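Note that chain A is present in both complexes that follow, paired respectively with chain B and with chain C.
Here is the complex of A and B:
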């Protein structure tokens, strides 16, 4: 007594479809990173060069107008990308590689509290304080914010990777691996790592966003690179007063930051979900 | 309108008429299901995992997953449930029906007190009298102190009873049970079944299970489900006595049954004399483990041995320390005292201190086929790795041997490159056996290795183990609480109670002349299909 309606072919399964979100996020992210890295080479004007009157509207001088010192906004965006993109990127990679390594190893000994105590010392200090202190002491070199982000992000990566791997370390398949005489490093690579790669990757996306936030906040507060070097957050902070004259002087760098962090997060989540499948 | 109707005054009639359910791909989950349950009787629905039996039971609560499409009719006391308005369905669930699923204690919110858990389900004013009656009905204490307790302050058996009391607290006359005893050991299972039998009178009951022996104790009417279709149905005794389908005959045969003991073989000592080397010899083992509530002695001076080609069953209730003994033997649990000898050679207590060859000789197949396999590794790769490590062959050769092992345990080569989540429970357990065999062990320890499987799948795995034991001269230590399984596979039986071996003998010695009370208790608790049928059969059947 089955009716045709019940036997009608089903709509295509969503899992088999191309993940549009991931593709769009990846495209935006790649575009922003390429723009940031290679931008200075094809910027219409050198960094810091005045090309017209301050805070001119779009169209008159350059397609995004000029900032408060009469510099081309578009050129400034292209020149400021490297610091905004590369510092958090390098710092996040360094912090997660180090933090995840320690965390994956620490997952073997979930009851060991010594590591926790050490991490707590860092976590207890406000991230911004660490960054400003280092900037104040060691100057405005790009390595200073990188070091600060590594120090700040490291404990969170450790804790995340450790809790993600604890279950795998205690599993009966790891016990079996020990019983056939596998080394710890083999077990880590073949039994544990595949089980934590997804969550750890998605955590890395989050860490990156936090790093961007920290570095841009410091720049916004005036601890950015000295002129003529620039970054997107410095541009926002310096042009705030002129928002009513040329909105693009702050909207363009703000948009660029958003186009960096939001797709990075989305992509990390999607990749993690793909690994989990 | 339906306000009065959903509190049934008498046990309601239940009818399912031409019920068909399909998933979004158009695959049929249930096909043209029709049966009726007279008021006050019990229907048992039997089928293996994936046969659609849980889906069928849930339609009686008006619950059909929103992705599924259903046609046909389900009615309780003439009130249509399928496609009924939400208010009717809500009233049915709150007032009309009692439902108990798998792992009943999991339905108890840990932060709520006994009285709150009961009061929540009482339809009228939840006064003290009503709570007392609900607790009394399942033989739980009714004093104030008990009612103030929280679920974790109750024993396992009390939790089971409380879950049942909670389901029945709305005084419904329709009781729906979905594998309520599947995760329990036989002793607890017997207790819960007794309780359900006591609650059956004046109620219409539907029980879904893969275990015919459980259904046999309750059901008046039997529905056999396979791949979403009814294969056979009728009065329980008639159907079971004269199954018309091969499938039902197969299920009846697969049911572990105390009364169906394997052919007894002569004990090895008599056969070969005492000088025969034992594959495994455990002497004076003492082991304990820590729990939150304190130290549990798992083994107090336990000694036994296993000869090649012999299957020894280690039997005991949950928590009697069986698994800890197994873990001590393979060297992942540190015993306090005692020695382990493999092939008459003393080995170190810790696996890490044993040689690779010593580790090879004894292999464990764990309880849970889901936890034992890495979800991120292809099963073939895991198997090949085990071959590579224990047989010292090249990787490509290990792959070939792995495929042979796959065949030996009855798995299709197509499954070789799958991840564990794409295998069924029975297939996973076969993979686990293949991985153990990769080591060419002398002794195989099976720790409740089949208790998570459907009876029909379990029978296949048990047959495989028996075959391997014979062909490879494997010594097998089979740990279980299910004496029906023991009857099928064991040569000798060890009964464990509170860490002590209280009984030891050949299968027929222990089963026919149990000395210890624990053994008698376990034997009495084990459901036996043939014995139940014998009890229930009317005199006209000889």
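Here is the complex of A and C:
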């Protein structure tokens, strides 16, 4: 223990105290995810149904008014949540499995020039460029943004998991296991993985935000699902032109995406800070 | 190693990286499964037309030969002819490139101001109220997709308050500078995103510097806060801060695709989206190379700044490695 110094920066707030920001963020996140997953069951109107004149103001036609094609904005929000939440989740899982597997294995030999060069090439290409090149090649499909997330997140996940696992690979536990004659995959599962699970998990949380950003960007650029299927990003991009008449047509889906990513990012950051301590 | 050798080695690494990226770009546009000729003409095109276009695009020769030819003309600054139509690629690319550059220069100034100013305020006394507020604020902003930030800005400032226009209409043949108000919302969006990233990195540098003994000693000795800032904090974070700012340059050129799209700003990003819809292989390749060259140039500048300034700063451990998405 070091003696506390009068000059030390203010200590991080005690971890035992209830972290109000984290509690509020978690509550919002859970509410948005529940709304997104179960929303279609409660929507007042079926997906894509026209209920009145286009871009009607709030009030008469649904409490958020109607969009460019006269559809109920609130119903569209409830129908569009599933894709907006689930596709980035799948992408995050895929990116985590791909990047962390390579990173954990690479932790044994952290100085691998071929791998470093490959990661650098990916980092040098803007994420949007990778996304657009893949869309250019493979066209409209939910799998393209997922693939883009895997590629874009790969260098960061690999580097993170590699540096987290390098210490574990060199630890005395691993040494002992090796002397006992355990295989590399046994060591990876029983000695390395438990030691890096926390950091890797918090890294995954931070990746979720990146996933949402890329996946929704594809939809925003017009590569989203075809009508009547919808998601929140598609709703923003389709209604940008007329939104001066009913600004909720873009403000509502924009707020929903913000209410999904902002709490997720705050929570992941808190988690990462706690694990680092 | 003498400094000149280190500079040369960084330059060599950058060139090698550019070469590797050019292979990746070429491969992802022309070699990945699928045929540019059929994607351009559509699935129902007659075999004769597909054959003619394949010949025009030179798809019959081997990928290595094609790559070599493409690289040679790129290196000579000849971007070739458009795959769809007979205009030269450069005539298509040059005006949007200039518009994006204008946006980037203005946004770089505002981003630097936000990152350095905010970073100093937040990092000066780590853990105080301003620091915590800025931490939550910037975390929230970087969590949002750009079009969400832009959408919220449009809702508020263009539609609710009616202060600015929601689209960047640039007069025909003019530049965005003829109507500077069109730049306000795009620049604000970029500044919020890139400024928040930069602020977090600068804040970490300032926080580290302000916990150093000589800063604490100066404060205890009763030196005025502005003097502490000017004499001790700023000089010790100047070099790594310059690196942080250099890292934001790639984003300003290659990352603003979405922002340009939201505001219908006639820049490189909008052109890229448009040409990907039109399936124009040569224009897409040219834009991709321009964007990645900027990224690598940004990395190189940051690297060189690091090499040139390590002698003057006591610690270079705080070299930022975070890149914008």
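In this section, the second predicted complex is superposed on the first by the 213 of 277 C-alpha atoms of A that agree within 3 Å, B and C clash if a C-alpha of one lies under 4 Å from a C-alpha of the other, contacts with A are read in each partner's own complex, and residues count from 1 in each chain.
Throughout what follows, contacts are C-beta pairs under 8 Å (C-beta built on N, C-alpha and C of every residue); 3 or more make two chains touch, one makes a residue touch a chain.
The shown structure was predicted, so the numbers you read here are calculated from the model rather than taken from an experiment.
Novice: In this superposition, which partner touches a larger number of chain A residues, chain B or chain C?
Specialist: If we count touched residues of chain A for both partners, the winner is C.
Novice: Quick one: is A:93 in contact with chain B, with chain C, with both, or with neither? Answer first, second, both or neither.
Specialist: It touches nothing on chain B or chain C.
Novice: Given the touch rule stated above, what does A:115 touch, chain B (first), chain C (second), both, or neither?
Specialist: It touches nothing on chain B or chain C.
Novice: Scan A:258 for contacts with chain B and chain C and give back first, second, both or neither.
Specialist: second
Novice: Regarding the shared-chain residue A:28, is it in contact with chain B (first), chain C (second), both, or neither?
Specialist: neither
Novice: May I ask you to decide whether A:69 touches chain B, chain C, both, or neither, giving the answer as first, second, both or neither?
Specialist: Touch status of A:69: no partner.
Novice: Using the superposition described at the top, list the residues of chain A that contact chain B and also contact chain C.
Specialist: On chain A, the overlap between the chain B and chain C contacts is residues 7-11.
Novice: Quick check on the complex: what are the chain C residues that touch chain A?
Specialist: 17-18, 20-21, 24-25, 28-29, 32-34, 125-128, 136, 139-140, 142-148, 151-152, 154-155, 158-160, 166, 207, 211, 216, 220, 250-251, 254-255, 257-258, 261-262, 269, 272-273, 276-277, 279, 284, 288, 291-292, 295-296, 299, 323, 325
Novice: Which residues of chain A touch chain B once you look at their complex with the stated criterion?
Specialist: Residue positions touching the partner: 1-3, 5-11, 171-173, 175-176, 178-182, 190-191, 194-195.
Novice: Give the list of chain A residues in touch with chain C in this complex.
Specialist: These residues of chain A touch chain C: 7-12, 21, 117, 120-121, 123-129, 132-138, 152, 209-210, 212-214, 216-217, 220-222, 233, 236-237, 240, 243-244, 247, 250-251, 253-255, 257-258, 261-262, 264-266, 269.
Novice: Enumerate the contact residues on chain B facing chain A in the complex.
Specialist: Touching chain A from chain B are residues 18, 20, 22-26, 28, 31-32, 69, 71-72, 330-332, 351-352, 356, 359, 364, 366, 368, 371-377, 382, 385-386, 389-390, 435, 439.
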